[in-house]
Amino acid sequence: MESTYRQMGLSDMEYDRIKSVLGREPSLTELGMYAVLWSEHCAYKHSRKLLRTLPTTGEGILVGPGENAGAVEMGDYAIVFKIESHNHPVAIEPFQGAATGVGGIVRDILAMGARPVALLDSLRFGDPKEPRNKYLINGVVAGISAYGNAIGVPTVGGEVKFANAYSENPLCNVMCVGVVKKDRIAKGLARGPGNALMLVGARTGRDGIHGATFASEQLDETSEQKRPAVQVGDPFMEKLLIEACLELLDTPYVVGIQDMGAAGITSSVAETASRAKTGAELYLDNVPLRESGMSAYEIMLSESQERMLLIVKQGKEAEVAARCAKWGLLSAVIGRVTADGMLRVFHKGEKVAEVPVTSLTDDAPCYSLLPAPRPGTREEVPSVTDPDSTLLELLASPGISSKQWVYEQYDYMVQTNTVLRPGQDAALIRVRGTRGGIALSTDGNGRLVYLDPYEGAKAAVAEAARNVVCVGATPRAITNCLNFGNPEKPHIAYEFTQVVRGMGDACRALGTPVTGGNVSFYNETCGKAVYPTPVVGMLGVLDDILAAVTCAFKSEGDVVLLLGPDRVSFAGSELQYLQYGAPSGTPVPVDLEMEVRLQKTVLSLMKKRLVKSAHDLSEGGLAVALAECCIDQALGASVELADDTMPLPLSLFAEGPSRIIITCSPEHLHEIRRCCGEAGVPCRVLGTVVKGVLSIARAGETCLRVSVDHIISKWRG
Amino acid sequence: MKFGVVVFPGSNCDADCYNAIADIPGAQVRYVWHKDRDISDLDCVVLPGGFSYGDYLRTGAIAALSPVMESVADFAKRGGLVLGICNGFQILLEAGLLPGAMRRNSTLTFICKDVYVKVERADTPFTSLYRQGQVIKMPIAHSDGNYYADQKTLDALETTGRVVFRYCDTEGLATAEHCPNGAMNNIAGIINESGNVLGLMPHPERCSEGVLGSGEDGRMLLMSCIHHLNRGR
Amino acid sequence: MMRFRARVYVMLKQTVLDPQGSAVLRALGDLGYDGIHDVRIGKIVDLSVQAEDPDEARAKVEEIAKRLLANPVLEEFSVFLEPDAAQGV
Amino acid sequence: MMRFRARVYVMLKQTVLDPQGSAVLRALGDLGYDGIHDVRIGKIVDLSVQAEDPDEARAKVEEIAKRLLANPVLEEFSVFLEPDAAQGV
């Protein structure tokens, strides 16, 4: 037994705990059930305590963490959204790993009764010039493309960033957004003893057994042998599931619904029964199987994709089966809800498991972290001899250059709601039945977080919110995916602790509660961890899609303004990374009060229709941001920097938070200045929009001058 | 003026087509389930884009054998208007209602972007509101739009003027460089001999509303159908 | 009734340019393999079929191949058959 | 140097789900074909390869199959070889 439970990833202490819950030795099936539900992936053993410190409630938050996804109110509708990682599967098989990552998060949204309306993908890879990384990148993008496109959910945004720290451990986080009438939100509840537990969708095979524990382990040489854990996605089946489940949720037959993600039948049944404070009986002989001779253990732990659990009113099973059949889907009654709080499993005439439901879902141990910071680094200062070529080099760098080669492979238009497509600061999709829309952005700069986890996490939230503001939307709530190394190591524990604290502080200040998310630990290979990478998925709301703003300069003669403070640094910047290959120094902290003032001010200027374009400053600093504004309409700008004491390279290429470039008609300049003055937001006129060239001067002397054509061709690559 | 939008398992532009049509004054529209055979109430059948049967085996191959396609073939024979968009075009090819076949894009990737196409024929029921030679913008979104036909078929298409849309640049020049997917002769859309069955890869329903950022050139195609049908009454 | 294993090969006609095959050829060049030519990619469909005898089985599979598995505009197919030893029905 | 025709069969491992095969199986059922089971779809890669002798040719093709044509995580392959009569080099 000892070697068995250890192989399943349980510690001696955890095993003792199971014995004391049951008052006896567990059967093999029971042991497997505890092993998956008590895995890091399912039980959040190392993160639970800290995650409880995040703000989760606020005006218009309909559903917070704990359900399958969070939900924010928008008129009569609920906007449902969540992000999830699929890092480990992607490292082993990029195409299928990414594809099944999309499938999984979509089913979470479906489990809320919502129609999935958008996907975003946040990706991190090592140097794209290395063949192995190239293979991973192409595979991941192709996998997302194949799955997302086929199910007819547009992939409207995301990010792709590169750093050596992700070379062995690529990150693949996928966010899904859904829309449902707010009085129709579905619940993952196994209500009503006697009601049927119906499994709908794919047959159950041996795939992914122990996927949940696998996701909680470090990758090492033996991961190769665990390869049968690789899952193949079937987007066609998923599309049928979406249509069938949405149709069924419109009937009175279905009282609860739950996706089958990690730990398959075990977790979906245990979670729904636990939430409803009921129990369940399962008859495994009824589960449609793909392979013969599967044991109870295998059936309970299978992670076969494209399956959903429906809790169906007793007596209505046939109606539900008929609807499923109409969509060409298998369905089966695999159990019943009971009242006694036990989960009993029968197979081949035998009772193979009998455990208290809540012991699976609530009794997993919770571990404290032992944080200790790592020593700081001395800032390496990049050298800039020729600003023109530095700008062009930055524009051509993989982190900044156009991502069209990625998003062109995604159907970002299907469903005909995409108002702002990939390429803007945030994507914007209309919510049918309203005049409004939702803006979406994912952000998380691992380099900054690595240098200062607390400030880096604040910066991630602030940037995500700023991106959403730049298209004219009010930030409302976030979902997040926390990608870290092994939390049992003190410095990783420190990073994690600080990130959660920073994220919480920023979310409180910005009024964007955390409605859900996902933690992915053990992103390490041979002891080398990824940068701590919290990915923030921001949801913003816009009342009138016709008022949306884009980042491109609009007309010659418009005034270019820089809003926000002046503090910048090279620590963690794109240019520093380009020249030194690693981040160093101390990034500029985010002044959250300033950030809030800036965002509120920009939104109020937009409401008055004074803003013709807006773009936030991020990687590459002021010069890159200006260049990015030139691209879409092929318009340039003539900019005069204030004659300050800051070294020129810093002014041009260093990075700092809370800064946005806007343009306006000259006649509105006065009003904008007045509003900014009143709000206490620094506002500087940089220059004017001109034809054909971006030029930057200081003290009357031109220090950078590049044609827009040149900018575009370098950036497009 | 009644349109029917066929729903195959895996169709995913069915609702988009439905909405774009319903937005046009005077147009009625309903869904048609792939197992239904009665389409006698319809004036125009739309086979929408998407991934019918997951694009498994070959795009459109399985859908082409569904019950509704027998009715669609009869309907077409009797002169009814049939419009196949993207996967719908692929289904028409597989069903033999239009000649040729689709191969994987020459890039081997899915491509989603706005492209320019030239209206080669403005005298069809689907294009009468365009100008002959007009260059319009429409989005494409597919992996298999690399049109193929043997030389004889291709010659026949060209000499009888059945190429209706051709990929081109903003000036209408149809060079290989402006062919996104490798399609022979830059073919983006063709019509059958009797001029009532059109298949095209670009998505008119995605450029029927300006707010979506791809212009409104596609709306004219849907309106042409209505115009044509109204004239027939 | 007996069960037969059938394997259907579906290849593009020689006259049809194969974009996937060309891409594989290019990739092989990039990987440094020389002396490779004429790469063409096709499909295999394996299936079990129940029938009274091999002739019936073959006829059934050929019909399926013609109707569904291969597109005559682009492709040609061939059918191979063997009795499924394991599973007489 | 001689030229050989090689044919590589790439099939999903038996334990791996084949969504395409399952969908084709369902479709065949809908079309009224019964008695069909276990549809699985794979790939054929045909290529010509130059080598001194059959052993070298086979080794070359096996390497290519391993590196590029098949994904060892999901698929398995087999290689068949014959001298390319038409084209001794």
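We just call them A, B, C and D in the order they show up, numbering each chain from 1.
As a working rule, contacts are C-beta pairs under 8 Å (C-beta built on N, C-alpha and C of every residue); 3 or more make two chains touch, one makes a residue touch a chain.
Quantities reported herein were computed from a predicted structural model and do not represent experimental measurements.
The interface holding more C-beta pairs in contact, when B-D is weighed against A-D, is A-D.
One finds 38 Å separating the Cα centroids of chain A and chain D. Measuring from the averaged C-alpha position of chain B to that of chain D gives a distance of 35 Å. Averaged C-alpha coordinates put the centre of chain C at 10 Å from the centre of chain D. Multi-chain contact residues of chain A (touching two or more other chains) are listed as 234, 236-237, 328. Within chain D, contacts with two or more other chains are made by residues 19, 23-24, 27, 31, 41. Multi-chain contact residues of chain B (touching two or more other chains): 53-54, 56-57, 62, 65.
Those chain pairs judged to touch are A-B, A-D, B-C, B-D, C-D.
Per the touch definition, chain B reaches chain D in the complex via residues 53-54, 56-57, 62, 65-66.
Interface residues of chain B, counted against chain C in their complex, comprise 57-58, 61-62, 65, 93-94, 99-101, 103-106, 108, 146, 148-150, 182. Interface residues of chain C facing chain B in the complex, by the touch rule stated above, are 15-20, 23, 67-69, 71, 73-74. If you check the complex, the residues on chain D that touch chain C are 1, 3, 9, 11, 21, 24-25, 27-28, 31, 33-51, 60, 64, 67-69. Chain D meets chain B in the complex at residues 19-20, 23-24, 27, 30-31, 41.
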